[in-house]
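Below you'll find the structures, each written out as structure tokens.
In the two complexes below, chain A is the common chain; its partner is chain B in one and chain C in the other.
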Partner chain A sequence: MSLKPTIGIETHIELNTNTKMFCRCAVVDTDEPNISLCPTCIGLPGALPVPNKKAIEFITLLAISTGCEITSKGMFHRKNYFYPDLPKNYQISQFDLPVGLNGELEIVIDENKDYIQIERVHMEEDTGKSSHSGSGRIESATSTALDFNRSGVPLVEIVTKPVISSSKQAVAYIEELRQLSIDLNISEGRLEKGNLRFDANISVAHEDSNELGTKVEIKNMNSLRSLERAIDYEIQRQTKALEEGVEIVQETRHWDENKEVTSTMRSKEGSADYRYFSDPDLPNMFLSEEFIKEVETLMPLLPKAQREELMTTGLSLSQSNILCKSDDWIKKLYVKVFDQTKDSVASYNWITGELQGQMRKANIEVLPEWFNDDYLSEIIELIKGNKISFTSAKIILTEILTTESTPSKVAKQKNLFQENDSKKISEMINQIIQENQDIVDRIKSGEDKLVGFLVGQLMKQSNGSVNPGLAKELLLKELEG
Partner chain B sequence: MDASNLSIREINSLFTKKELKPSELYSKVFENAANSEAALHAHLTLFEEENIKKATESDKRFSNGESTSLLDGIPIAIKDNINIKNYKTTCSSKMLSNYTSPYDATVIEKLKEQNTLFTGKTNLDEFAMGSSTENSAFGLTKNPWNTDYVPGGSSGGSAASVGARSSIAALGSDTGGSIRQPASFCGLVGFKPTYGTVSRFGLVAFASSLDQIGPITKTVDDSRIIFSSISGEDSRDATSVINNQLDIPSDNTATIGVIKELMEDGISDEAKNEVNKVVQILKSKGYKVKEISIPVIKLSISIYYLIAPAECSANLARFDGVRYGLRVDGNTSYEMMENTRAEGFGAEVKRRILLGTYALSAGYYDEYYGKALLARKEMIDEFAKTFKDVDYLISPTTPTQAFKSGEKTSNPLEMYMSDLCTIPANLAGLPAISIPTGLSKDELPLGVQVMSKPLSDNSLLDFSEIIENEVQFDGQPKGWL
Partner chain C sequence: MSNEFNIKNIAKLASINLSEEEQDSLSNDLSIILEHVNALSDLKLNSQQQEIFIHPLEKELELQEDEVVESLTHDEAISNAPESKDGKFVVPPSME
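Up next, the complex of A and B:
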């Protein structure tokens, strides 16, 4: 019996507007509770919501960029449920007329493109934050502290169709969505801050079945690691259950980060009845054609197009994907270095490999002020011109990351320019041969490996300044002769 | 001469001529309140002490000839579901018996700018749900014309206050007739403006798509003065509209329609006679009068009692004991919320919350709430069509004179029927006014209602003033003055 998993993901992205969705309270990033509140976002009697135009612009950007059909007559609905951190005990959300419907997002796994179908993109307001003491759950808490700073912060929810089949695909999808929201400049995209939070609906069914299995929802994850492990765990759990003939219960489960298991949060017998109805405080909201056109003019180059552009420089799909998901300065640096060197592989490797590696090692987050964009091109050109060795290039990079200088200056100071003069190298070789006659004899009697030893001696004697390729070539000639 | 019996324009003229001081009038209305309050219980709070200083400031402005506002120094009572900063807003509910508002409603801000003097907060049916002011958690209000009778509701306290001359005018709110019906029962003018012309910001919501603040006054001109002061687009209320008034004729070139469905069974002969009396006067002045049929009006009560409760079920969800107002403890947060709502709300409020929750529930939405929305749309269309033929529609305001306290409390359906004539204007968002025209054989006031198309409030007031002048109603309840 062969089983296949099906996964759908609901993602909430916190928009980086200055103010909240329905009031003009500042969106704040602080642990100090309840400092950015007004009658509207704490649901005082008589207070009313007024939509944030910027937030609507942001969500429209996202909907357009995921290829959604735009519902121009978007209506706000009330989603009714009681929870202490939901001040009005209803959430203003969208129901049957979301801003975006039926979109698609291109994702990349290794060297392959894949497409994730988007069911809908809609906006809603965030709730406050509850801290239950005594236990993590409201049902058994001895007390609950409430912080309403987050209450009313604009959120966009993106729901995929049930088309994802592995944790790898799920992770690639979230990575793509995160990058998209950063490039659209609608979110900081910081997972550790909960800027993106996701729920995964997972079911397992027989390979040849046309129907999906009973779905289980895993709520409120905010790291790719959790997403990946929770999905893998849940697929395994459900597969095992089905193989053993145990029925899967439709329920909401919680991913336990420490134990690395999912556990039952609440079982859902039917679906909850949220009694959605059009919010009478926000009637007749619609996106005008002019508004949509205006938003379209704000559209930046999207990750998909960035990848295509990068591939025209000669990078592979996966390389382009890694670059397009890197910080902005890295993308820009690549373009610059490539423009100057026309060498995509060297540019890519030096930037994503050596430069980022050394920065990480040295704990440098931003390039020092003196670090000119041309330096990497200079280093690459020096290597290509056989002026310096790869090893020297690394030393030069280390130096200019910490000390104000230029690659050429460092090479000169540290005497790293390579000796390319055959005559001078031959003189040195002759000296080495004289000093190591025993080794030479052993090489001649068949111990080829010892050639490397002689090259090493040569490098040592020259302080690494001879061109190792040329040196080896000349040495072999000498030995044969 | 008793100044509390005068109109706003007359009082302002005395102030300007320095024949009367605002502080003298202020004392006079509180003297009236002292005489009547024990018998009527029109107010939940009286502000005499707090505002004496403001009254003397008005004195100064008039004595220096610096006053610029018709409402300067005019004592006005406010229904206790409209927020005044730093004063209690109880909505006549145990739920909010100790709730103090930290902000002013937009209408209050506007009246403060005009240097109006607030006299107090008036009693109402809990959360404005009722037609008799018998549903108050703080005791019922009596009709100033005869204390055996109700003053109407839900703005019964506001009507009783003006009726007893404990204030010169009052603000009420009207969701299904809550301004016009008590005004009619108390021999006063009650005006519900076009939906959206007066900001709802700071009015505790009952049914957001129907609620509208308006004045209860002795004369049409008083209503006009207050309406022009409190209306205007408000950036804090997304349903507010730019008050671009349409100009329709109010002289005898206008055509008047008598609504057939509101002159049939269920309407008392006395109420019909008042309409006929006004029709005769208008005809004699050369107005063209015709009978108009709007069959969907017969569905008004049914439509209203689905839409209003549905909206209120969400609007009142915020009263949960978490952030403000009554809190009744429980073992868990949910139990606390349940206990609070069980104890905080009165029977009628609970009835409507349940009704609305049911109407919005999965499986019932289409059958109830959805159908009500369709019927409401049809009513709006029918009115729009009708106003192509006629300029004003006339009907009784209420099917009968005021009823006796306790007479209908055990039969909610019968109570609901008393709003038959007033509900259509709320459903269609029309401006509507009740003008007192005569007395019943029980010596209780009767009124007629006039409606016109949306945003023709000023013309409606002009036309109503013509009726008022012709009818010469002597609007003084005996015994209090």
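Up next, the complex of A and C:
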């Protein structure tokens, strides 16, 4: 029996506005509970919500950048449910008239592009945070404690069509969406802080079936690792059930990171169960052409266009993708170093490999103030000009990351400039040959491997300053002669 | 008409307890309401009129600037809570 999985993802992005979605309480990042509240975000009777203009600009930017049709005549709905993290007993959300509809996002896996269709992009508010006290197990909690600082923080929900077919695609989609929100400057995109949270709807059906299988929703993941493993687990669980003839129940499941399994949370509500109706407190929302044009002026170079631009320098699609998802300073450094050296491979390798590697190793998060962008170009040029060896270049980089200096200065101080003068090298070779006559004799009688020993002696005597390639070439010539 | 909905499920979604008697009487009431609402589907509307864009307020939505305004202090916010602990509101156990 051949089965195929189908996945749709709902992502919530917390916007980085100063204030909440429907009131002017500050969005705060603190463990101190309940310090940014007002009658609106704790649902006191009579409080009236007024939407945040910046949040509407941000969601419009996101909808435009994902190629969505913009709903110029939109409205807010109430999504009703009883759960204490929303004190109004409903969440202000959007239903049939979301800000964006029918978009698409380009994703990259290795050297291939793919496109994920987006069903809708809508605006809503976040909930408060609840914690449960009691014996430790959630089922036997004796009370629930609530912090409403997060209640009312603007949240954008992006829903894909059921078009994703693997956990790898799902991860690539979230990586792209995260980078997009960072580049649009609408979110910090920090997964560990819950800036992006995702639910995955997963179903498995027969390969030749035109209908999707029964879908199971896995709620509230905020790491790529959880997303990948939860999807893989769920596909396996459903496949096994179907193969054994067990019916899949439509439900919401929870991914347990420690046990690495999904487990039932509750049976899934249908959309009708939320009794959506238009929020009488919020008149209809018109996004004028003028407003949309104004928002478009804020549009930065998107990840897709960044990749295309980087590829024109000679990088592959996957290299361009890695760079476009790197920190801003890394992207800028690459552009500068490439501009100076015109060597895309060396620029890419030195920045994403050696530089970032050494920084991680030495626990350096930000480049030191004295570190000039030109230094990497200088190092690359010194290697290309055979003036320093690759090994010396690494030593130089380590030095300028920790001490205020320049590559040339370090090379000079540490005597790392390579000797390229054939005459001088030949003089040294003659001396080595004289001092190691027994080795020379053994080489001549067939022990070729010992040439390496003589090269080593030469490097030692010159304190590593001899160009090893040239030295070997001259040494062989001398031995043959 | 009452077979069109499950009164027990509606009571559960609304988080209210209904006696058998109340279930019967509310089922009746809801059936009448549904009948009235269903009458709407008999209206002959052109495509423009079908556009769902009805709102009790004719006013256009106004947006506000993203500028912080101080409101309740922590103590004020929590002062009406029947129970609180470590600065948090405490309610009966409730989980999804």
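Note that in this section the second predicted complex is superposed on the first by the 471 of 481 C-alpha atoms of A that agree within 3 Å, B and C clash if a C-alpha of one lies under 4 Å from a C-alpha of the other, contacts with A are read in each partner's own complex, and residues count from 1 in each chain.
Everything below uses one rule, namely that a residue touches a chain if its C-beta (ideal position, glycine included) is under 8 Å from a C-beta of that chain, and two chains touch if they have at least 3 such contacts.
Since the model is a prediction, treat every value here as computed from it, not as a measurement.
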item: Chain B versus chain C as contact partner of A:Tyr90, first or second or both or neither; value: first
item: First (chain B), second (chain C), both or neither touched by A:Phe277; value: first
item: Chain B versus chain C as contact partner of A:Ile330, first or second or both or neither; value: neither
item: Partner chain(s) touched by A:Leu475 [first = chain B, second = chain C, both, neither]; value: neither
item: Partner chain(s) touched by A:Ile432 [first = chain B, second = chain C, both, neither]; value: neither
item: First, second, both or neither for A:Thr19, with chain B first and chain C second; value: second
item: First, second, both or neither for A:Pro39, with chain B first and chain C second; value: both
item: Touched partner set for A:Leu48, first chain B, second chain C, both or neither; value: first
item: Greater chain A contact set [chain C / chain B]; value: C
item: Touched partner set for A:Lys73, first chain B, second chain C, both or neither; value: second
item: Chain B and chain C footprints on chain A, overlapping residues; value: 39, 42, 50-51, 80, 82, 84, 138-139, 141, 144, 146, 273, 275, 280, 282-283, 285
item: Residues of chain C that touch chain A when the two form their complex; value: 13, 15, 52-69, 71-72, 74, 77-78, 83, 85-96
item: Parts of chain A lying in touch with chain B, wherever the complex brings them together; value: 39, 42-51, 78, 80, 82, 84, 87-90, 138-141, 144, 146, 273, 275-277, 280-283, 285
item: Complex contacts: residues of chain B adjacent to chain A; value: 81-83, 89, 91, 96, 99, 101-103, 105, 200-205, 207-209, 235-239, 310-311, 313-314, 317-320, 322-324, 332-334, 337, 357, 360-362, 365, 369
item: Parts of chain A lying in touch with chain C, wherever the complex brings them together; value: 17-19, 23-26, 32-35, 37-39, 42, 50-56, 73, 75, 80-84, 96-97, 130-132, 134, 138-139, 141-148, 219, 252, 265-266, 273, 275, 278, 280, 282-286
